[in-house]
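Letters are used for the chains, namely A, B, C and D, taken in the order the chains are written, and counting of residues starts over at 1 for each.
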Amino acid sequence: MNKGRLEAFSDGVLAVIITIMVLEMKSPQGTSLASLRSVIPVFLAYVLSFVHIGIYWNNHHHLLHATQRVNGATLWANLHLLFWLSLVPFTTAWMGENFASWPVVVYGTDLLLAGIAYFILTKALISLHGRGSTLADSIGQDRKGKVSIAVYAAAIPLAFARPWISALCYASVAIMWLIPDPRIERKLVQ
Amino acid sequence: MNKGRLEAFSDGVLAVIITIMVLEMKSPQGTSLASLRSVIPVFLAYVLSFVHIGIYWNNHHHLLHATQRVNGATLWANLHLLFWLSLVPFTTAWMGENFASWPVVVYGTDLLLAGIAYFILTKALISLHGRGSTLADSIGQDRKGKVSIAVYAAAIPLAFARPWISALCYASVAIMWLIPDPRIERKLVQ
Amino acid sequence: MNKGRLEAFSDGVLAVIITIMVLEMKSPQGTSLASLRSVIPVFLAYVLSFVHIGIYWNNHHHLLHATQRVNGATLWANLHLLFWLSLVPFTTAWMGENFASWPVVVYGTDLLLAGIAYFILTKALISLHGRGSTLADSIGQDRKGKVSIAVYAAAIPLAFARPWISALCYASVAIMWLIPDPRIERKLVQ
Amino acid sequence: MNKGRLEAFSDGVLAVIITIMVLEMKSPQGTSLASLRSVIPVFLAYVLSFVHIGIYWNNHHHLLHATQRVNGATLWANLHLLFWLSLVPFTTAWMGENFASWPVVVYGTDLLLAGIAYFILTKALISLHGRGSTLADSIGQDRKGKVSIAVYAAAIPLAFARPWISALCYASVAIMWLIPDPRIERKLVQ
């Protein structure tokens, strides 16, 4: 089975997710700079979510690039990942408009479940291609992925004490992925 | 005529449908877990619709994969299917926000019509490729498709007595499609 | 210059247009069948617009299929067409929610301008490929396109007397395109 | 690494941006031509933004056409560009509904940042392909890009005196890009 349409559909879904989030940023009624201030928390949540979806697209791109074939299980593992990511516009809007413990918990939980879904997708692809395959080799230990899941899991309960600490933890995961990784770059240059 | 753009357009429409449904899940005003409770029925309807659109994408993917050419009739049969699927965000929002007989009837009727439209699309493709073609062989009896249509048709009137029984019937169709089918997998592996 | 991305971008825009229109169909507050009645005019406008966008996608598909190259002028002629089509969700919502002279005039004017934009696009492509090209041959006289423009132009002023006559004229254009055309089918089969 | 998915994802995002902007144009409540008048400022802002996104798509198309490979840095430079463009529906809605100094400043600032992001993307691609590459040659001095950035930067402060002068400056940038450029056309024909 061809991976082309899986990529095309995932690209489409991720492109819509990353773009419709902006619809949650309602344009303010006034014309003063102060009226824009109310949009700032939603904007910051938007930036955080935009970067996260961008990271997922980036990683998905690399993962599928090394993939040679897909089967029913990987199609559903992929849809499972897209499901949690599709909720990001909702959790972003809630957290952006109501920065408090529960919205931050729900936002982080969605990211955590998306992280786990990505992990499941890599396992499904490795089990299809075999442990010694180029794909398994290219995924390797996926330490960044495991660290991300651990940070989300640790940050979520912190939101009951200090929501902004949790939010900083989520942001630190994004920054970790944005920092160029010499090992990956080396592979890309080849 | 090339099937590439038919796939690309269908992928685009399905990707938008599956993603914009989340816009119907309005972020709650409060910050408590209780305020999230009001979203639960809409969320459950969202999950059901997400899985259904995912199944259609999956089946469409397989169907077009076996297709060798398309003509005017298949283009319109495909648009007819996309039409009923494009109403899913509307029927999902109505059923999610107002769980009662008529919304559940309308939701199921839309799924029923999408099922029939899919059936018409397979017939149009078979008539184009011929009864002895690989495509006709790969579609086979399409028992799952016929069972789905029968379950929808039976479940819709039940909504006047117990809406949640109908909803469970719709969900059972989704589960039937999610369970891996050894015959299909066998073909995919080859 | 490659036509691939022009097709991909147009497919994306048309897929989003045809799908987001459903967001203008607000789910009714009540749970009765009567509460659904208020949606009927918007639904009928939705069907008319869905078929029109479907026809444009279909024709665009055929037109680009016969196209061998594109230049700056055709890129902008294409964006010009997409511009008028991108307004369809707006004109559909206005006409659906307020079925009266001016909304019907504005709806028809948008279709008229889209028809003219399509005509300009065919001229730009013919001038690029040459009068004796396969593309020019495949477009031919484009009688259906010219008839559509004439019907829109005639129907628009009628809306000041009877809006529903204009709407029937718009619908008749859609039906004219839906009826299979033996000449086109013959070419497709080859 | 293949540039195909970068193009596909960018096409998807740009297609969604250019299309969902129309959702900010709320259909008027009345049925008179006068009720449409309130939509005019939003419509004009929509046209300006549509043309700008069209120009970005056009330039992006040409830029990626000459590109032979992409790396992590260019993927992020591309997402950075898409980020500022993704805010256009928001800034368009605010400026269209509230034509005053600050909304015009914010609208122009977003265009300025998108212009700078495009400049960074070209630099990232040139540094990857080398100064003597076909890509570097095809980008050349990018005088139009630099003029655009300069005009935005000059026009933004003018909005505090006369918002419509700034808006005219933004429009003049769009017109500059729309005027066919013989040098570019010459390359396209080859």
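As a working rule, contacts are C-beta pairs under 8 Å (C-beta built on N, C-alpha and C of every residue); 3 or more make two chains touch, one makes a residue touch a chain.
Since we're looking at a predicted model, the values are computed, not measured.
In summary, the pair chain C and chain D forms a contact in which the copies contribute largely different residue numbers, shared numbers making up under half of all those used. Copies chain A and chain D of the same sequence differ in orientation by 90 degrees, per CA superposition (steps of 5).
The most distant chain from chain D, with centres taken as the mean of CA atoms, is B. Work out the mean CA point of chain B and of chain C, and you get 26 Å between them.
If you average the CA atoms of chain A and of chain C, the two centres end up 37 Å from each other.
Across the assembly, chain B contributes residues 8, 12, 15-16, 20, 23 that each touch 2 or more other chains.
Contact residues on chain D toward chain A in their complex (touch as defined above): 1-2, 5-6, 8-9, 12-13, 15-17, 20, 23-24, 71-73, 75-76, 79, 82-83, 86-87, 89-90, 93-94, 97-98, 100-103, 106. Here chain B touches chain A in the complex through residues 7-8, 11-12, 14-16, 18-23, 25, 27-33, 35-36, 47, 50, 54, 57-58, 61, 64-65, 178, 180-181, 184-185, 188-189, going by the rule given at the top.
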